[in-house]
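Just below is one structure, and these are the notes that go with it.
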């Protein structure tokens, strides 16, 4: 809501909203890629032109003109790649339930209605005075890796020192890892079962990277405050985000978390996507106040 | 053929057309204003508004079901003072026809909201009686005939604006509730609110909604809503506003033909924010194709002598 | 792991498993016998059977709706004598567990059917109280607490077989009706029957069903059915048989976890006549994956202290 | 029901039922052909092997494995061509409502669940003593033409003298006319607007053909009864069937009508498809007693 401290903070940090609108997207390519995850390339010029990394689309799971009402609702998906020049965006998703299974049957050439781009982006990576930007650690878990692809490309373009840390249960579930590598940022990989990269949790990689940063030191910050060891952007399952929240707090590192909640509308009218404010009573709303929140803003693990 | 006349008078509320948007599915309209002028809608029905801000329910508030959805938002709303300060002036600037949906936990709370709604800030009031009546042990006002009459009569005293009572479908005889509202001075009834339902997460072996129960809406409920509108339109003299699963022009026409003077589009907005405009286009096309000059001529046009209650076979289901 | 134990005792009716087929969706079973042995089902519930043959309703009897369908068959059935002569012996030869669904227009008619149902020809009786009560002006037995009690008590007198009362969802408080049935001596309640609904043909501007109203069934109604099963299972001591929109093993599990001891598959049979067997396979797989040895351990497993009525927020919908 | 006079008559005339079962069919080909009508070729070996002309299938309108429940029910479609050797059948349908519109989007290669073959066939064309068979007039209106394709092939094979009479509102709505001609039977065509064949109603063609038969005479029948001028098999909109019923009665020609009623199951359990018996109270059921009825059995035009 206007006047909220969260909104003011978000605007200051360049966590922007974009003018969304309904758009009929053409499916340019659609393929199963890993263990149960799919990559979907959409020609959606408005969204491609207006979107910032961290934002999402609400995507129909039945092709445009389909007569059925089931599954009923659009589904939210974070943008993986954003290509204003070709008018294309990609999303990467896991066939998890009825909605995404229906989506996975939509062939290339079909049209899908979407709303986009929605929500608040990651903070502007270029918002720091030159030389004063902390190192940026991107943390992605499983199907939370894809939004890090757009994020990595954006941060690199802004000249940031970026390291991506990604993990999943096993190699096949490292969604969009190739795309992440293609951005040129260094990537550290781990899996629960050791089938790719280190056998570790991605939060252990994060703790390690922060420890390294603390001893190695971040860029010298002008002024009295101690420079943060790093800035963290994270997306992944909620237990991972809770761990990141804790690790970041302990390390004194500013962290931005991309959060999921069940959504009906995706654009701020239904109030389904409430997430408790960390301080004080009441709720923020993931679709308009997020999905990217500063770690201190929200109380995770409320069961939603 | 000349442009069809879509205007309707609904219990004293004059509307450009019969296509409204439903409470809780349009918030206070700001999120739609960049897509189309709100003045193109028959009316905007606001989110249910209480005397004070309500935070809403904790946990999971939404679950999709076959051709429908469950919500247990818990009437999160910023309260009537916020409405007066921020939303009402803005809505007026948009030129929207505004129906304020009001909620309360006691008759006094409803009255407090209604008293704040002058003609400057609202064109009509819609009484949401699905709220739990804390003084009567938490059962909804809308499932007790006595409480329905009582709260309607009290709000009737508190406002001169056109007053619609929004009926719950979770009752044996919706007609009796419509009559109670009419009797207590309502200018119209809107129906239906959501059907009480639930879903279970078999993986976690617990209800999907933290609140266990939620309100079912969307195309799944349309046959029930249409039946109730048909029944009520045949039983009361005040106009009926049809709600429930309306997603296309055909759906809206079904409700008009059943006897609704206007309709509200709710859940369909989530899937397609432009649905009301597409529905309006479809109604216009239907009127042209079928030679209807005034939309009011469609109202109740499917009701004939053969379909009157007394001429029907008795065994309905099975 | 050993084969999971699927057997259930439902109010004295011992069944191989909890997956039954619903009345009116399986006729008397002959049409399925070449697809699978009827003895593989938990129970077969027959078409509603009256003392005499009933012809059913004229005209259009069926309409599809979003994720559901309306029927106004009007309880077309060949009567109990035909059942005794032709179907009962055949069903016995199939080794099926048979629940005879009975219908009547007066208490006496129900009793007449029940008296003909000896243990030789039926394993249990299911009382369909959605029928119009001609002596009480045509309102369904199942929407009056007094009539529900009266017809249940009368049929209870007339039969020693396990007696299930099939409840209508078209009431304000289904729990009260379940209690009335329990109080009158029912061994179990089955719910839900169909929700009253309708559809309109906008081209012809008249109701699709010649009967105007029909009963809504199919996945669309599942959330309402599940909610009612949850409410009733928490309020009565007799077992609950869950019905309404069950098409997959997940659907069936939701009802068991909500507190149903058995479930019935209805409309899904039309789309997929093998649905009950696929549901059984799915339940078995779920039990293996989640370490359940007995299906009875699933019954009510989603009910916890947090989900008890007294611990829930009060504002459900909106 | 067993013991019914209708059943006895049907069995005597070779209007057979077949053992139906659920079958997962592969879409071999699927194309829009005329004004709003489509031809669908299915690989469904059981149905192709067991079906007789006049029978139908209940066909899902969403591909197998689709997660949605809407449209919910299968739809009944008469078989147009039956090819036991390749295991293929075809159906021809008009995209009329939500169900058939959803069906029209299913691509070749997809799988569709069906139940088949269902219902009673046309009577066995070879049931007459040699030389005693009357001329067979096949009457098809619009989307009622396709079942006449299988019927024509069957009757020709049985050595019957066949004439097909088909009509539609305009040329584009003469569904499966090419397929009908390919059977080799002579075809007379008419349309309401004269855009193909004579400008006439197909029932006028029928009256004409019967008048010709009456003057030219049918094959001499042994015995005292007058030989019928022709035998009629008809499928089309209900007003057409009502006219055929009347014309046949007046001409003393036995007629078999393929009738439609809204169906939920298609195999005799739901009682949705009731049609009033012509004589006496009560109903027959289109899915098991029909869809092909002897004209005297049923009362048409009851509004269903």
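Letters A, B, C and D name the chains as they come in the text, with residue numbers starting at 1 for each one.
To be clear about the criterion, a contact is a pair of C-beta atoms (placed from the backbone, for glycine too) under 8 Å apart; a residue touches a chain by one contact, two chains touch by 3 or more.
Note that this is a predicted model, so its numbers are computed, not measured.
C-beta contact counts were set side by side for A-B and A-C; A-B has more.
We define each chain's centre as the mean of its Cα atoms; on that basis chain A and chain D are separated by 57 Å.
Each chain gets a centre from the mean of its Cα atoms; for chain C and chain D, those two points are 36 Å apart. Centroids built from CA atoms put chain C at 47 Å from chain A. Contact with two or more other chains is made by residues 69-71, 98-99 of chain A. Within chain B, contacts with two or more other chains are made by residues 24, 56, 58, 66-68, 71, 73, 218-220. The touch graph of the protein chains shown is complete.
Looking at the complex, you find that chain B touches chain C at residues 23-24, 48, 54, 56-58, 65-68, 70-75, 103, 128, 130-132, 134, 138, 143, 170-173, 193-200, 202, 205-207, 211-216, 218-224, 226-227, 230, 245, 250, 253-254, 257-258, 286, 301-302, 304, 307, 312-318.
Put simply, chain B touches chain D in their complex at residues 66-67, 219. Chain contact summary for the complex, chain D toward chain B: residues 69-70.
Residue ranges on chain D touching chain C, taken from their complex, read 1-2, 19, 21-22, 60, 69-74, 98-99, 113, 115, 262-274, 276, 281-283, 302-304. Against chain D, in their complex, chain C makes its touches with residues 24-27, 31-32, 34-35, 47, 53, 55-56, 58-64, 66-69, 71, 73, 76, 78, 86, 210, 218-220, 247, 267, 269-274.
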